[in-house]
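The same chain A turns up in both complexes below, where it pairs with chain B and then with chain C.
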Partner chain A sequence: MMNKTPEQINQDLLLPLNSTSWRYYVAVAALGSLVIMGLCAWGYQLDNGIGVSGLDRPVFWGVYITDFVFWIGISHAGTLISAILRVSNAKWRRPVTRCAEAITVFSLLIAATFPVIHLGRPWLFFWLIPYPSERGIWPQFRSPLLWDFFAINTYLIGSFSFLLLPSFPDFALVRDRSTGWRRRIYSIVSLGWRGTPKQWHRLEMAMRIMAVAIIPVAVSVHTIVSWDFAMAPVPGWHSTIFGPYFVAGAIFSGIAALIIAMAVLRKLLHLEEYLEPIHFDHLGKLLLAMSLIWFYFVFAESLTIWYGNEPSEMTVFWVTRSGQFSWLFWTMVICNVIIPAPILSVKRLRSKIGWTVVASIPVIVGMWLERFLIVVPSLSHGRLPYAHGGYRPSWVEIAITVGSFAAMPLLYLLFIKVVPIISIWELKLGQHEKPAEAPATVPGIAESVPASGR
Partner chain B sequence: MRAIYGLYPDPDSAQRAVEVLQDAERALGFKEKQIVVLSGEPYEDHPFGQRDKKTIMPWIAAAGGLVGGLLGFWFISFTQKAYPLITGGMQIVTKWPDGIITYELTMLGAILTTVATLLITARIPDWRRHVFDPGVGEGKILIGVVNAPESCQDEIRRRLCSAGAGDVKEFAG
Partner chain C sequence: MATVKEQTQKTYRLKKRRWGMVVDEDRCTGCEACVLACHAENNIAIVGEGQAVRGRAMHWIRVERYYEGKFPDVKVKYQPVFCQQCGDAPCEVVCPTYASYHNAEGLNAQVYNRCIGTRYCANACPYDDRFFNFENPSWDKPLNLQLNPDVSVRSVGIMEKCTFCIQRIKAAEMNAEAAKRQLADGEFNPACVQSCPTEALVFGDLDDPESKVSRLAGSNRGSKLLEDLGTKPSVTYLRRGTWYDEQNT
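Our next item is the complex of A and B:
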């Protein structure tokens, strides 16, 4: 554990807010170009209709829904992991939490755009919102898609609050070290934070409550996303384990995204003394556990389907294991288990940051493929053989997907210019915090206080 | 508002200063609530960091969750009954699907209530000028007295110094 003075910590962690290299602008420009490309593709789709995508009978859910489920999964990197680490009072969480919480908010924002993109007429999106319309018609509350609307918005509001509340003290710190317009802006966003004991108590209590509340919300979000599929009697979807299976996969991909983001930030912002190999080692252990849990779910689901031998289920089973989609399935298994599990099992490799990143990158690829393999083969091979069909994503879908993958680092780059990416006050707290069983004593009080003052 | 305060480099000396001021408050004519403590991080393991600790925030959050859930369920069932849908004898107010949305609104109620309670009880936002020193952000702990009687300001200054303040300053806002 590094041992730095509060002033050194301030200087190190506020440096990215105060200085910008030319590389930063190049990266923002490159990523911004890809995002604009994605937006242009969406504009093309709006102009010409949903027919420019590869969606066609019988596959009406394709890459857009794959992207939606994938980004919802990535969002579990942050708030859920951060909340679990807070509730369990894991000391090593301090440099990690804000990186993770930011991933959640950004990936949820990206995920929430995909159902809208997927709508043929996205300008009618507001029909999902329960409002007293002149036709007297309310949304269908029995639909899992409406459950999504409520779950995702609750998670987004909770995650945004979870990210924002502990940022007030750091905004106040930036305020006190700024001048001019920056000082005015940070004065407003810090809400006049001063650091009285009352404010600290209330903040810590609020974070404890939020951590407890956000864990079941996070679990419910991905469970409900899984129910978008599992509530339908479609081969390969109608499964009771889909809820926990999706949650496990979400945490799995989320941890992988967090490791990659932390490694990049560590390198770019020179945070070597704050994001230490031990943090990657701990996250690597979590990633290994989730890799094995994910494989257990895949095995359990596969074995149950194979043993049941129900014809329409077996059609989807074989088309993914040895048919048209098999190369995607086995790539997924290689990316999610064959590559990461051995690397992360060896402590010597896991404790090296480069190797944890090498284990994490394939997981991102593998989990995207997993989402694709859930969505497409089941729709293209339904219960009626005469209705079987194919699906090939169009350039519009690919461009929008690439744009979403660029939007995530772009939002992150913009974020690190306005908010310290490591919670400064929590890091300082970790340096002076004593074990609970060792109460503080105040030595020398009798000697130093004059008699007249007592 | 006027204040005299000292900046302390560590929590032990800050605790000493608070105790010195608490011991002297009656003699010098100010009240405990006039003692101000500011720090750049929480010090819950020191008595001075435990001022104003008592809160019913968890109960308020629970009540907020309850209200959110009840309002949510009422709203859903109201809208389901508002439209004369023919269901062939099936339930109009469907408890299991409605329960999912009720659950989400329960958690949303708890979250929003927690945020609101934090803002209200921590008295933020508050952009008025209060006693503050940028040294707090550098790890120092500010201990002082606001609106102390003129007659005892020198004595307060002396006591803050005796407790270990590196620097005793005045604030006028």
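Our next item is the complex of A and C:
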């Protein structure tokens, strides 16, 4: 870590809460107008019906479901990575965890709107909730969509608590250092945190339990999202590999999003001394591993289909590899493996923040394309050749998608004004740890940190 | 006092019937009278040219054309495809709201009021026989006056599909019940069967061994569409195959 007194850390990390530059307002206005554009497009769709989308028969699912799966994937950046780093007690996690957890909550909120946007009669979405109605009608528990509903809500509640729990000491810090109405608000949200040993003990216990509990939840969420596809007898979907394939893809895109978010925050909030190249180096290693795992899954899936040589599966196989969707498929492969893997393999490039970002941006594009290529080609090339069709997204779908991509940074910008984006107390805790306690199994940290810095 | 189950049975007369259909492809001329009759009977929206080009046309029954051989020696095969009313339907289990469910007579029923439009059922259907209302339906005057009062008009955002003309089934059952008699085979037919000039379509109770449909369904010309998926379709397609030709020439 860096040589900073606790007071300096407080000042540095609370700065974004206390001062706002004109650039911030410009950014919020720009992103906000894009989000409003997306909302207007949705309003237009609500008024005119789902027919304003480009969907047709047989491509009943399109960009909305692609966006949904994509954003659920991004949400795996945060809570899962943060939980794994906490459980494995990786020392370098401290400045990373809260940015990661915030990504999860925001992308889940965005993802959760897409199934509703996608509905033919969105105002009736609450029929998925199992409430006792006078007619005695319950939702269908055999439907993967209902599993999805429960999985996403569990994950949302879980990751929101996971973000909130370690924020209480920081809320208390803000409370103690502010006056007036801010003080009143933060004294409510810090829930009477006074930093007594008992409170610290309880927080620690709660975080330990949550960190362990949230990992299976995160894995199950994207597995269940994949089952939306895998449970239907559609060529290209009906595959046992989908669960782990989706989870791997989700973590892959999630880490890429985290790297980009951290790089932007580092510049915007002048956190150069907190988010160091070493953090990007470690995340880059994770990204490289996920890139290779993702490629392994794509290869395994393709080879199995090709050897099986089942006619309807092969139709989808060829239409994506050499047919009308092939340019998207090969763009995806380039974005997900051919660009990031070589960059991240070289230590010299990986330890430069700019290069990790260069490797991460194509991953976001590639993983969105991956979801699109799972949804659309299978639907447009069903089992009966007579019913084959095509699909072209309409401006409404594109506007809503752009809106969702603007919503993510917007929520993030609003978040950094109310919550310190780096967990202050955890960072200080890391400073107080004796060098002997740091496990020798994290060589990257040991090498990069001068002994005096501890 | 009668239990709920007894009352239900009394009210709805849950009898063991399994409606099925036989399509004789060797008889089908591809005239599409069935398509027209189905539209008239079931108030199916005419989506118009623009929407049809975008792949949003709705025909609960469609006549697929397949060409064999090269010009000029071409044979056209017609295959009318509609909901196969699967015994083990992929569309039913995926609906989160029970809008798509299996009724007591083996039909894959669709409750329009309960449909929220996830469109999952249509993806799961391997026969592409589910149709979505992308827009509110409208009929040019005076066609709005010819709507069938027995069938509800579906609004935007709802999935719909072939019902085997369930309104006719229910009416015939109620008439038979009122007259205290059993339903006779061929007493009533869905609109497509009724309108088929070559009797390529036959409808009836598959559980009645005497019915025309169950006798035809057992024919050695018979096969089912995408049978290997295990959907247990209630529709049997009859077509002359090489094996049959060898046996009979």
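Keep this in mind: the second predicted complex is superposed on the first by the 434 of 454 C-alpha atoms of A that agree within 3 Å, B and C clash if a C-alpha of one lies under 4 Å from a C-alpha of the other, contacts with A are read in each partner's own complex, and residues count from 1 in each chain.
Basically, a contact is a pair of C-beta atoms (placed from the backbone, for glycine too) under 8 Å apart; a residue touches a chain by one contact, two chains touch by 3 or more.
Note that the coordinates shown come from a computational prediction; the quantities given were computed from them, not determined experimentally.
> Would you sort A:128 into first (chain B), second (chain C), both or neither based on which partner it touches?
Touch partner of A:128: chain C, not chain B.
> Check the residue A:146 against both partner chains and state whether it touches chain B (first), chain C (second), both, or neither.
A:146: touches chain B and chain C.
> Have a look at where A:202 lands relative to chain B and chain C in the superposition and call it first, second, both or neither.
first
> When the two structures are overlaid on chain A, which partner does A:22 contact: first (chain B), second (chain C), both, or neither?
Touch status of A:22: no partner.
> Is A:181 contacted by the first partner chain B, the second partner chain C, both or neither?
neither
> Residues of chain A touched: more by chain B or chain C?
B
> According to the stated criteria, A:307 is in contact with first (chain B), second (chain C), both, or neither; which is it?
Neither partner.
> When the two structures are overlaid on chain A, which partner does A:49 contact: first (chain B), second (chain C), both, or neither?
second
> So, does A:165 touch the first partner chain B, the second partner chain C, both, or neither?
In the superposition, A:165 contacts chain B only.
> In the overlay, answer first, second, both or neither for which of chain B and chain C A:137 touches.
It touches chain B and chain C both.
> Across the two complexes, find the residues of chain A that touch chain B and also touch chain C.
Touching chain B and chain C on chain A: residues 137-139, 142, 146.
> Which residues of chain C touch chain A once you look at their complex with the stated criterion?
51, 54-57, 62, 64-66, 79, 81, 90, 93-98, 114-120, 122-124, 126-128, 131-136, 156-159, 225-226, 229, 231
> Within the complex, which stretch of chain A touches chain C?
49-51, 54-61, 115, 118-122, 124-125, 127-128, 137-140, 142-146, 149, 228, 231-234, 379, 382-384, 386-387, 389-390
> For a test of understanding, state which residues of chain A touch chain B in their complex under the given definition.
5-7, 10, 130, 136-139, 141-142, 146-147, 150-151, 153-154, 157-158, 161, 165, 168-169, 172-173, 176-177, 187-188, 191-206, 209-210, 213-214, 216-217, 220, 224, 425-426, 428-429, 432-434, 436, 439-440, 442-445, 448-450, 453-454
> Which bits of chain B are touching chain A when the two form their complex?
Listed in rising order, the residues of chain B that touch chain A are 11-12, 15-16, 19-20, 23-24, 36-53, 55, 57-58, 61, 65, 75-76, 79-80, 82-83, 94, 97-98, 100-101, 103-105, 107-108, 110-112, 114-115, 117-119, 121-128, 130, 132, 134, 136-139, 159, 162-164.
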